[in-house]
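These are the structures in question, set out in turn.
Both of the next two complexes hold chain A, though its partner changes from chain B to chain C.
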Partner chain A sequence: MIDEYRAVDEEIPNFELKKLFDREANWLAVPLEVSLKYCTNCKTCDKACHIYLSSKKEIYKPTYRAKILKKLKKQNKNSNLIELAYRCNLCMRCKLFCPLSLENGLIAREIRKFFSQEFGIAPKALHEGTVKQLNTGYHTGLSVDGFKNIVKFMEEDIAERFGIEVKIPVDKKRAEILLINNAGDFFSRIECIESFVVIFEKAGLDWTLSSKGDAVNYGLWYDDFQYLRIVERHLEIARELDVEKIVVGECGHAHKALIPVESEIKRESYLPLLWKLVKELELDPEKNNFPVTLHDPCNIVRKLGIVEPQRKILKKVCSKFIEMNPNGIYNYCCGGGGGLAVIDSMRDFRIKVSTKMKFEQIMNALKNFPKKYVCAPCSNCKRVISEISEEIVCVGVVDLVANALIFD
Partner chain B sequence: MIKPICPWIQPIYSENYEQQKFLEIIFFRKLFLHNKFLWSLSYPFHIGVYLFILWSILHIISVHLMHLEIEAIFYAAVSLILFFGSLLLLYRLFTSLEESINLVIILSITTLGILAEGFLLFIFHLIIFSFLLFIFLTKLSHFLLFFGKVKKSFKVNFEKWNAPHIRYDR
Partner chain C sequence: MPELEVKGKKLKLDEDGFLQDWEQWDEDVAKALAADTRFSPQPITLTEDHWKIIKYLRDYFLKYGVAPPIRMLVKECKKLVKPDCDLQYIYKLFPQGPVKDACRIAGLPKPTGCV
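Our next item is the complex of A and B:
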């Protein structure tokens, strides 16, 4: 046992890692090999990893997994290897610091993939999530009727909160924009979707929601096959509705999963679009007159390079925007990246280890204020950050924009 | 049909990727920013290697641009840099055996190189050069990473993996 936490509960059989390095079987064999072979052991990545920084444990070093993996290249039975792979947020901050840009995060991800694709061993929350999503369209198993009820509820709630009547477009054919969101938001952060509705309606966009599926793709974190199947499903929904483009809502990993793929269907992040709308809409920043800081989700910022739009938006809609340090591509992961946010058994690990650096950052940025408002443009980040402390109030970029809107 | 591109192996976002790569090769930017101690030890060594390679190239194309004495002085200077550079880096004896062996070899050849003159100097030069060629085969060839291109699109091979869900028909 490497530590007191557990991500998977299955028994690990004997395994041979050969497949992981077989170029026929694994299309990521080359970067994996390169990352194992060329590490010069300079330890620069140690200074990047929030998990190591907050715990100072040898086993949480970015290079530790590589060391074990090299030893195990031959046959072995080692149940620790898979657990080690789930002590990483796949945030790629170590890659940013590494002089050779080696991929220690990828090593963790490939170990997860090996166990999932070879033995079907993965944390339940992740695998059940992908299976449910492939069956119903939602990783939470939401049905089409359930979805329609939620839409009705949203319409009523918007009338109450904003005083406007809206008809939310669902499965509208040939719309310009198909907005996809994290299904978790439909249950626990419905105000986020409502904000989208209010902004899009106010701006008069030609858009639609889909009842066929949400944006989540847990496959990204642990399994190529599930990942690809879900990507295909997302694109299929867009094809059926014959929309012009998919806009990915407030969900970081959905950005990373869907946007880099090559396809005839256009896909983009909601942030540049929102910035365009914010420039046109009538807004009152005094409505958000509390100090608020911005968390940068690794998937959107470091991995996709969307850094400026959210800052420009916040400067425009909040009267007291405060940057945390470090920020932008140098941000620390919230502590829930790489699926750790949704694995319930890893809650203690999140609280005691992985969220610590983020907590410190937030406290430093907002130390003089009793309530810590953190704007996090990602569903999983919001979930994890609000778990850290009761003082912290987590909001999305869309929430702040919707709150600043002026209605006649 | 979608053409999947690996979401994992794209370069990490930077405004000026090419320019930063250049800064990385010439100044070891990331090491300087995040690990100054190691930078101060490894930078002299690498500069020595760069100068040496430049010098060798001049030799190979037989351009005796300079007077023989100046050339000898230059060579001695490069050797000195390499010598002290490898000496500095040798603290890594404690961290990596393979690299240390390479360093010790460079160290001994440069020591002899500093002492040598004339024809002997030329011979030592050749030895170092062939040795540099040899270490390209070891881990020290890490510089190649800056020039490699990663294949981006991929295909998953259903036949090769055994987990039940790989073949499950949704």
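Our next item is the complex of A and C:
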């Protein structure tokens, strides 16, 4: 045992890592090999990793994981390798700081993939979520009937909250925009979906929701085959509705996971679209007259480079926007990235280790204010950041925009 | 995996105390789940208000296969329990909240994923 936490509860068999480095068998064998081979062990990435910085534990260093993997290429036995791969948020801050831009985070991801594809070993939450999504369309197991019932509820709720009557478009064919969200929001954060509805309707967009599935793709974190199965599922939904493009809502990893659909259909983040709408809509920033700071989800900001739209939006809809430091592509992960947010057995690791840097950042940015409002445009980040402290209130970018809207 | 004994029968639970087979649930099982301190800091004595929420969760689950959204639950509780019922009051009844306590005692499978 490397530490007191466990991400997987299965017995680890003996294994040979050959396949992982075989260019025929693994399409990511080259970057993986490059990352291992050219690493000069300068340890710059250790100092970039929030998990190491907050724990100072040797085994959490990105370079430690690489060292073990290098060793195992020759030795072939170690039952801790997979656990080490789940002590990483796949946030890729290490890559940003690496003088050679090597992908240390990829090493963790490839180890996870190896165990899932070769032995079917993966954290239960990730695998079960994927299976449910492939069966019902939703990783939470939501049914089409359940989805439609929630839509009806949202229409009533919006009438009450905003005083407007809306008919939420569901499965509308040939709409310009198909908005896909994280199914978790249909359970814990339904206000977020309502905010999208209110803004899109107010702006008069030609858009639709789909009853057939959500935006999540846990495969991104642990298994290429599951990943591509879900990509195909997303494509099927878009094909069936014959929409012009897919817009991803407040879910960080879905932003990244949707990249392959681009070969067939346009996809974009909701953030640039929202910025375009915010410029045209009538808004009152005084409606959000509380101090609020912004968290940058790794997938949206560091991996996809969407940095400015959310800032421009917040400056326009909030009267007291405060940046935390570091921010933008230099942000620290919330501590739940790479699937750690949904693995229940890793809760203590999140609380004691991986969320610590984020907590400090939030407290520093908002130290003079009793309530800490954090805008986190990702479902996972919201969940993890709210878990850190009761003082923290998490909202999305869409929630702040919807709240600032002026209705006649 | 932990077990729960109700009237001589041993029921399987998951690591967080959720019933593994939702069909095994009945009111006696609910009482036993509420009294179990392995998964909740103190035993919960089920009052009329608790039962209203448990029955609503149960009915919703049987119809739609999942737990209702939190916001929907709170709104429904205003009708079922009392007009000024809010999330805080639900937490008063179920100290660990709608998922960890209410859904668990109602015998629903644990809501999983990005919830």
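Note that in this section the second predicted complex is superposed on the first by the 402 of 408 C-alpha atoms of A that agree within 3 Å, B and C clash if a C-alpha of one lies under 4 Å from a C-alpha of the other, contacts with A are read in each partner's own complex, and residues count from 1 in each chain.
The definition used in the following text is that a contact is a pair of C-beta atoms (placed from the backbone, for glycine too) under 8 Å apart; a residue touches a chain by one contact, two chains touch by 3 or more.
Note that the structure is a prediction, hence the values are computed from the model and not measured.
Participant: Which partner reaches more residues of chain A, chain B or chain C?
Facilitator: Larger number of chain A residues touched: B.
Participant: Using the touch definition from the top, say if A:Val34 reaches chain B (first), chain C (second), both or neither.
Facilitator: Touch status of A:Val34: first partner only.
Participant: Which of the two partners, first being chain B and second being chain C, lies in contact with A:Leu106: first, second, both, or neither?
Facilitator: first
Participant: So, does A:Arg383 touch the first partner chain B, the second partner chain C, both, or neither?
Facilitator: So A:Arg383 only meets chain C here.
Participant: Is A:Ala125 contacted by the first partner chain B, the second partner chain C, both or neither?
Facilitator: In the superposition, A:Ala125 touches chain C alone.
Participant: Which of the residues in chain C come into contact with chain A in the complex?
Facilitator: Answer in residue numbers: 15-16, 63-67, 69-72, 75, 111-115.
Participant: Along chain A, where are the residues that touch chain C in the complex?
Facilitator: It is residues 125, 128-129, 132, 139-143, 145-146, 149-150, 153, 157, 182-188, 190-191, 216, 251, 341-342, 344-345, 379-380, 383 of chain A that touch chain C.
Participant: For a test of understanding, state which residues of chain B touch chain A in their complex under the given definition.
Facilitator: Residues in contact with chain A: 2-14, 24, 28, 30-31, 34-35, 38, 42, 92, 95-96, 99, 139, 141-142, 145, 148, 150-151, 153-158, 160-166, 170.
Participant: For the complex, give me every residue of chain A touching chain B.
Facilitator: Chain A reaches chain B through residues 19, 22, 24-25, 27-28, 30-31, 34, 37-38, 40-44, 47-48, 92, 95-101, 103, 106, 109, 116-120, 127, 131, 134-135, 220, 223-226, 228-229, 231-232, 235, 256-257, 260-263, 301-305, 307, 329.
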